[in-house]
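Naming follows writing order (A, B, C and D), and every chain is counted from residue 1.
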Amino acid sequence: MKNRPLKGIIPPLVTPLLDSDTLDVDGLERLIEHVIAGGVHGLFILGTTGEAQSLSYRLRAELIERTCRQLRGRLPVLVGVSDTSLAESKALACKAADCGAGAVVSAPPFYYAPAQPELMHFYTHLAQTLPLPLFLYNMPSHTKVSFAPATVRWLSDNKNIIGIKDSSANGVYFQQVCYALRDVEGFSLLVGPEEMLAETVLLGGHGGVTGGANIFPALYVELYSAAMAKDFVRILPLQQKVMQVSKLLYNVGRYGSSYLKGVKSALSVKGICSDVLASPFEHFYEKEREQIRASLEILNFEPSKASSRASIK
Amino acid sequence: MKNRPLKGIIPPLVTPLLDSDTLDVDGLERLIEHVIAGGVHGLFILGTTGEAQSLSYRLRAELIERTCRQLRGRLPVLVGVSDTSLAESKALACKAADCGAGAVVSAPPFYYAPAQPELMHFYTHLAQTLPLPLFLYNMPSHTKVSFAPATVRWLSDNKNIIGIKDSSANGVYFQQVCYALRDVEGFSLLVGPEEMLAETVLLGGHGGVTGGANIFPALYVELYSAAMAKDFVRILPLQQKVMQVSKLLYNVGRYGSSYLKGVKSALSVKGICSDVLASPFEHFYEKEREQIRASLEILNFEPSKASSRASIK
Amino acid sequence: MKNRPLKGIIPPLVTPLLDSDTLDVDGLERLIEHVIAGGVHGLFILGTTGEAQSLSYRLRAELIERTCRQLRGRLPVLVGVSDTSLAESKALACKAADCGAGAVVSAPPFYYAPAQPELMHFYTHLAQTLPLPLFLYNMPSHTKVSFAPATVRWLSDNKNIIGIKDSSANGVYFQQVCYALRDVEGFSLLVGPEEMLAETVLLGGHGGVTGGANIFPALYVELYSAAMAKDFVRILPLQQKVMQVSKLLYNVGRYGSSYLKGVKSALSVKGICSDVLASPFEHFYEKEREQIRASLEILNFEPSKASSRASIK
Amino acid sequence: MKNRPLKGIIPPLVTPLLDSDTLDVDGLERLIEHVIAGGVHGLFILGTTGEAQSLSYRLRAELIERTCRQLRGRLPVLVGVSDTSLAESKALACKAADCGAGAVVSAPPFYYAPAQPELMHFYTHLAQTLPLPLFLYNMPSHTKVSFAPATVRWLSDNKNIIGIKDSSANGVYFQQVCYALRDVEGFSLLVGPEEMLAETVLLGGHGGVTGGANIFPALYVELYSAAMAKDFVRILPLQQKVMQVSKLLYNVGRYGSSYLKGVKSALSVKGICSDVLASPFEHFYEKEREQIRASLEILNFEPSKASSRASIK
């Protein structure tokens, strides 16, 4: 990746599936063209939203291949290589490099929770041998451990470690990481939760890995650009729209998986790709799907000009 | 309190102590005048930073009396009445009303963690009988429970419940609460962690209950006013200063109590009040105190104009 | 308390209430005579089951007085003095001593979670000034901190600290505490969860503070005596009965408060005392109460001889 | 596996390594013969103690092959197939079946924490297609989710699901599972933490998957047999010895990984296998190794007859 730090909206792509171990190839193609048309600045495959950990390695490899081939260098592709095994992480990263991906993204090994020195050790090893630059992926709700800001700063001395995606939702933490990295040029500070995109970009963050950008890519691109421009006339209604998406689509049904199910259900209702989820999750039943359909209608026809423009694009 | 929503910087005052059960009366007077001189918009006594739960009720009553008397209405006083017992909460609130406080602040009962309907029940009872308007206090790290945004919205229909102070540090949560309350006029949305003051005010929050304002009141007042004005030339260096305060003063020594010890130690080094903490905590030993002293010198003589101005004031 | 270590079944008495701040005086009398008739070895008032933290100090004092007066020294009374404030803990302990209680019981201050050295400091201070011997109360789900086994061992050198009640439900932890205290004579090792009474007594524990003993005191007394005698013919059916009580009575309705509600509802159905709970909790509605009533019938008429004997007594 | 329920001591074998991705083949052979000589009743490879999640799939396959080949049916081999991906779990299980393993063991998918219905769904799918019977593996500290006792009961109707290994350390939970499964014949209830072996076997558990049995297999076998015989003259000193092993060997150094490092270091000091750990962990440095060596001397030469007998065997 030439331009550093990486900036903008990098959707964490869902993985369209026909069943737990079969890619929805047509859906994937439509989804990629849909988000590109929305103006996004990169793609992140095999993240949490991509259900990476639930997929077989064979399917992950196929997804990397197909995505990179379809992109043809139009945008940088980031590939999730999070794994509990260093060897398997490396194998995924090699695959990503072979296919022409731009970078890899790695959350801490998520079975045993490592201590900070153990994180330093793991990432130093990983970065040394990787054929691609590396983004740290902070996701404590799933990995049970957070990169201490000092650990991020220490790891940033490694030329192969070029950014962090923080999905902690912790606003103090994000500011602490920004402050710890204030003198490190070219290090990318990306936020996970889309609800925090505007505020982090306003204060120096470089962009967001926003799940809702699978469905409404232009909305997040527009909010990102408004925040970069410090244009509050646009920021405030777009932020309202982002909150509305979050409220209406991610809280249907119960359980922690409602976000995943909501995104895939919305994509299916919109005709973009299948709503099948990999085990252990199942897609919504008809009742919840109806709720998603109704919410999409509300979201598409809101009177606010700024946001409806964004979602029509 | 006439002006609603309450806005600005409302320092959560430390409780100056000579020993675990004796107020540092002179220190309290100096501290109050110090923060007023810094331009703060209100005072919050008996919060987490005020070590309320560690104090005897007798001392809490004395603190309420002395603070209100010294204020003479110059600023609104908010009084923490968080308690595990509804009866004791009410008693504290009556004392606050008698002394002329402007509002009370209450975190959920913190021994048994209540469920959302139980929170609704508790706060409805509390608000019904209170002689003063009430702020909700979200502090999940200490109370083990968070007010769901829908619970806040539901409780806001009670005319006596006029705001929330959110100390969760969760940026998604704060935005969800803002969104849920978007149509409720006069409801105050205050953030706890000072590291998030700027971003929340930029997106519609009303101010902060910032612990560092005990030491550097003008710094937070200035950052608040810059954020209200969307003046990024001032915001960014002030935000850096705020992060520096956080890094240098709140992480000395070990344990969760390092924040409390750091604030009191800094106030003691500055000659404002004693650094005694209530049991179960003890003040810093000489070594840590020296570190605080050195940090204060760094903080006071930084070259950035905006921030040094703020801290000299 | 003369006999050390304290042994046997010490029910954590519920606090019978007419409303949030009024004692059910007749219910309290019946409850005390009920558990004494069941053969228990002591009483523990103002614990978690006693809703201590939800009660006003006035009511707590009244409860101490009435309980001690009614006991007339027939059994040792342990009084919970857990508080976030050292001063208030001491005041409760003085009241307990004045009334003739045998010991006090104290969980760590439960708002700020103290570190181990801070726990040592707090309990050393508390024990020094107390007029009564002290039991440590390990309850991490409510206090967010556990006494490290080494901390318990260190505190046990204080002659005024004479035991621990462990409500962690952690079997490894209980064994670690037993092992750490193996050479300390007269130190009482009591377990909280009644489901673990048999196993801990078999391996050297001294008894249990079993909530179900409010309802079925003889059941737990019998299981304790069977475990002391290593009489497995009696232990196994009694353990089954204890598990049945736990399953049928403590999991009705939702929320963490279902245990509290279940115990009080069962006592009310049996005509012993009121089922009113202190705020923030409410008693069961009719539907749940019917479920408790049905469960009590199942529990009373089970064919197993050992257990039905226990519950008829 | 013919005999059900599976009973006794089934050591969770460490995986001897020369480096992160190379098996210590000679060490593995010695380790297997060492534990067989100690009288264990089965082997469990690729569990938490076996660092399964840190190993490449190639190495896991090699380990399955070599272990089964060396066993030649002398004891049943249980193979850990815990994975976040259903497809990879199945692949491991097929490998295990091909090599002649007796059963597989599976912890819940450990990246996304599934809800109870999602656990039911996942395990039903897994069990349907598996060529071997399945043990559930409850390990909430690593997987962030616990099988509800009712979920275990529900899954036990599946003829292919034949037991549970509970590593929660929660004594109430273990009793609840025992009670829920009381009528299910042939279902094996094994405990993880060795500190709880005696108490669970006394009350009806079937044995333990005790990590210390890598080092001192006969100690745990003897404690198991004493507990089965309800022979308290032997149980109590053996339990003391087990607690001493736990205290002296598992708490050297810092971090959650001290248990893993302690077991491997002890095996290395005893000349059984290498102490190399897979990334992200590193073996002990010389200082900690010396501490382990000193502890082993204490453990081997203790005067207690029962326990020294056990460890000399």
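Assume a contact is a pair of C-beta atoms (placed from the backbone, for glycine too) under 8 Å apart; a residue touches a chain by one contact, two chains touch by 3 or more.
The structure displayed is predicted, hence computed values, not measured ones.
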Shared chain contacts [subunit B and subunit C, defined touch]: none
Relative to subunit D, chain with the most remote C-alpha centre: B
Same-residue or different-residue interface between subunit C and subunit D, half as cut-off: same
Separation of mean Cα positions, subunit D and subunit B [Å, integer]: 49
CA centroid of subunit A to CA centroid of subunit B, Å: 35
Topology of the chain contact graph, where touching chains are joined (line, ring, star, complete, other): ring
Each pair of chains that touches, named by its two labels: A-B, A-D, B-C, C-D
Residue ranges of subunit D in contact with subunit A within the complex: 20-21, 48, 53-59, 84-88, 91, 108-115, 117-119, 121-122, 125, 142, 144, 254-257, 260, 278-282
Subunit B residues touching subunit A - in the complex, by the definition given at the top: 169-176, 178-179, 182, 193, 195-196, 198-200, 202-204, 230, 232, 235-236, 239-240, 243-244, 246-247
